[in-house]
Amino acid sequence: MMFAAAAIATLVTMVLTVYRAIKGPTVYDRILAVNVFGTLTVVLISVHGFLTGRPEFLDLALVYALINFIGTIAVSKYVEYSHMGRPSGGDELGDI
Amino acid sequence: MEFPGLINYWIVVVLMMTGFYIVIAHNNLVKKIVGLNIFQVSMFTFYITMAKVKGGTAPILAEGIAQYSNPLPHVLILTAIVVGVATTALGLALVVRIRDAYGTVEDDEIEAQENDR
Amino acid sequence: MEMLLDAVSWLLILIGSAFLVVGGIGIVRLPDVFARMHGAGIIDTVGTCAMLLGLMVQAGFTIVTIKLVLIVVFILFTSPTATHALARAALGGGARPQVADSPADADAGEGDSPSKT
Amino acid sequence: MSLMVFMAVIGFAVARLRNLFGVVMLTGIFSLTSAVLYVVLDAVDVAFTEAAVGAGIATVLMLGTLALTTSEEKTVSDNKPLLALLLVTITGAVLIYGTLDMPYYGDPTAPIHHHVAPRYLMDSAYETGLPNVVTSVLASYRGYDTLGEVFVIFTAAAGVLLIIGRPQRGRRRARRDAQWDIEHGIRKNVILRVVSKLLLPMILLFALYVQWHGDFGPGGGFQAGVIFASGFILYALIFDVDLARAVVAPRVSRFFLALGVLLYGGVGVVGALLGGNYLDYSVLARVPTDGQHLGILLVELGVGLTVAAAMITIFFTFASQER
């Protein structure tokens, strides 16, 4: 019951985040949304473990806690320094 | 949860259609690879939904659990995911190479250049 | 004792859920990236931590709790860092924080203001 | 609940028709969602793999390609979409017609659950002595399959090397860029540097944990390899690709790439020499269960080595491209 409530709250937040990821408007909003979505995934996986009564699969959530970071860093780096070594017209950040 | 029992397959089909559509209708090669990825994920989901048994849990044996989901599709898909990313990398490498050779990654522009020769 | 633990974890999970949803609304409703980061911050810190703390109370002293602690620690390390990197990228990429009265303030605060505290 | 996640998946899938950068971001979310979905559907190991792959490597590779090509898609051309739409709709309709004969979701009497799966579930505990059925099926019962997959990964890495891995031109420019990077780039960012230094050993340690714990919980060679490679990718991202290449020389990663496959095949050969079938580990030790343990451990190590080396090789090849 308690876990179900938690899962539903997480899902609702996920939906909100996804709305932001799809809507944009800038590329940074999307990165932010993906980052938050990763955190929410961690929460949801943990909660689901308790919900089904087998909470020993938290390794998965641990992976996300560690690895999700890499994606965000990569994106930020790419966006921030993509003008480097790009011959022409590279300065636009590639988002409408 | 008590939905018509086939809806998961339909969703997989819709997902697959999306991927397929992207592969055919878009000219950008990177986008095509993304489409292939979606297609691939839809297949993965298909296998995994087939493996699910109602009332079962993850196939890691433990005391006092009688019903497990089917482990075989899990094995197949587990390896397929890693292989998938490797082949995606190969495809992306090809795209990069094509960009070097033609200066564009748009399918129709490449075709136009080919025809000009 | 059992009752007390249950009540505590209920409370924590409810707090966590509330903050998650509030953060989500913030992400949707706030006007620009920098403002939205506040919503993300709420989700990443208070929401997640309260939620996982509630789970910890449920789990008791087992390996599960240790893993949950690790998860909390990692999230507390990574997500502010990621947000920081993102804020830098956004500033470098030309996005400017929306400021209520004068746009000059925005220029003055450029550079290191998001990185410190 | 699974349905809701499903719905979300479609949501993005439709919303995918966008600019390439947004597409990559959405792919990230897509992969996160599918991982949750796999957890809900009890496929913990699969979700683990998806987590390791989708969150880090896939995104990074896509971005690498975008950086090397273009991040803007040209507008879709004129009359093609209609035709494509028609084709896709027909295919979808046919497939949906096909699903009408499928067993219902979660039906325990579905044929798939009655062929070999019961044997794996019932007997693997006695035959291999491992609680994680997925691992024992992966490494022991269906060892040939996995060997094939490892070969595919090996080949893919080799292919990437062949296609874009030639010695780069314009070294001087690369060095100048590196200089620029040191002065202005991401390396100046103290926060990032400190945090990733803290995180890096954790990631590598965790990868090793996943590798050796894979027999008992979710995890195994594939996941561990990807996580291990992610650690190096993080290093290369924060510091410098050249620096990272100095840590793991291309020669080294290529060596391990081959070594993993060799180890896998070698275990099979040793088994064959000791009188068993190829990839039958029961003969490796006096007690068959111990032999299985040893064999699975070695095979998983081989898989882990190959996957890690392949991912590192692929990433470095992409990252050190000149354009």
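A few remarks follow.
Letters are used for the chains, namely A, B, C and D, taken in the order the chains are written, and counting of residues starts over at 1 for each.
In the analysis below, a residue touches a chain if its C-beta (ideal position, glycine included) is under 8 Å from a C-beta of that chain, and two chains touch if they have at least 3 such contacts.
In this text, all values refer to a predicted model and were calculated from it rather than measured experimentally.
Two chain pairs are in question, A-C and C-D; the one with more C-beta pairs in contact is A-C. Centroids of chain A and chain C (each the mean of its C-alpha atoms) stand 12 Å apart. Look at where the CA atoms of chain C average out and do the same for chain D: the two points lie 29 Å apart.
Note on chain placement: the centre of chain A and the centre of chain D lie 19 Å apart, centres being C-alpha means. Chain geometry summary: the mean Cα position of chain B and that of chain C are 32 Å apart.
Residues of chain A found to touch two or more other chains are 14-15, 27, 31, 33, 56-57, 59, 62, 66, 68-69, 73, 75, 77, 80, 93.
Shared contact sites, meaning residues of chain C that touch two or more other chains, fall at 74, 78, 81, 85, 88. Residue positions of chain D touching 2 or more other chains, listed in rising order: 1, 20, 24, 44, 66, 192, 196, 199, 202, 217-218, 323.
Contact between chains, as defined at the top, is found for A-B, A-C, A-D, B-D, C-D. Residue ranges of chain D in contact with chain B, taken from their complex: 1-3, 6, 9-10, 13-14, 16-17, 20, 23-24, 27, 30-31, 34, 37-38, 41-46, 49-50, 53, 57-58, 61-62, 64-66, 68-70, 73-74, 76-77, 80-81, 84-85, 87-89, 91-92, 95-96, 99-100, 102-108, 110, 112-113, 116-117, 120-121, 124-125, 131-134, 137-138, 142, 145-146, 149, 152-153, 156-157, 159-160, 163-164, 216-218, 220, 222, 225-226, 307, 310-311, 314, 317-318, 321, 323. Residues 6, 9-10, 13-14, 16-18, 20-21, 23-25, 27-28, 33, 36-37, 39-40, 43-44, 47-48, 51-52, 54-55, 58-59, 63-64, 67-68, 70-71, 74-75, 78-79, 81-83, 85-86, 88-90, 92-95 of chain C are the ones touching chain A in the complex. Residues 7, 11, 14-15, 18, 21-22, 24, 27, 30-31, 33-34, 37-38, 41, 44-45, 48, 56-57, 59-60, 62-64, 66-71, 73-75, 77-78, 80-82, 84-87, 92-96 of chain A are the ones touching chain D in the complex.
Of all residues in chain C, those touching chain D in their complex are 74, 77-78, 81, 84-85, 88, 115. Looking at the complex, you find that chain A touches chain B at residues 52, 54, 57.
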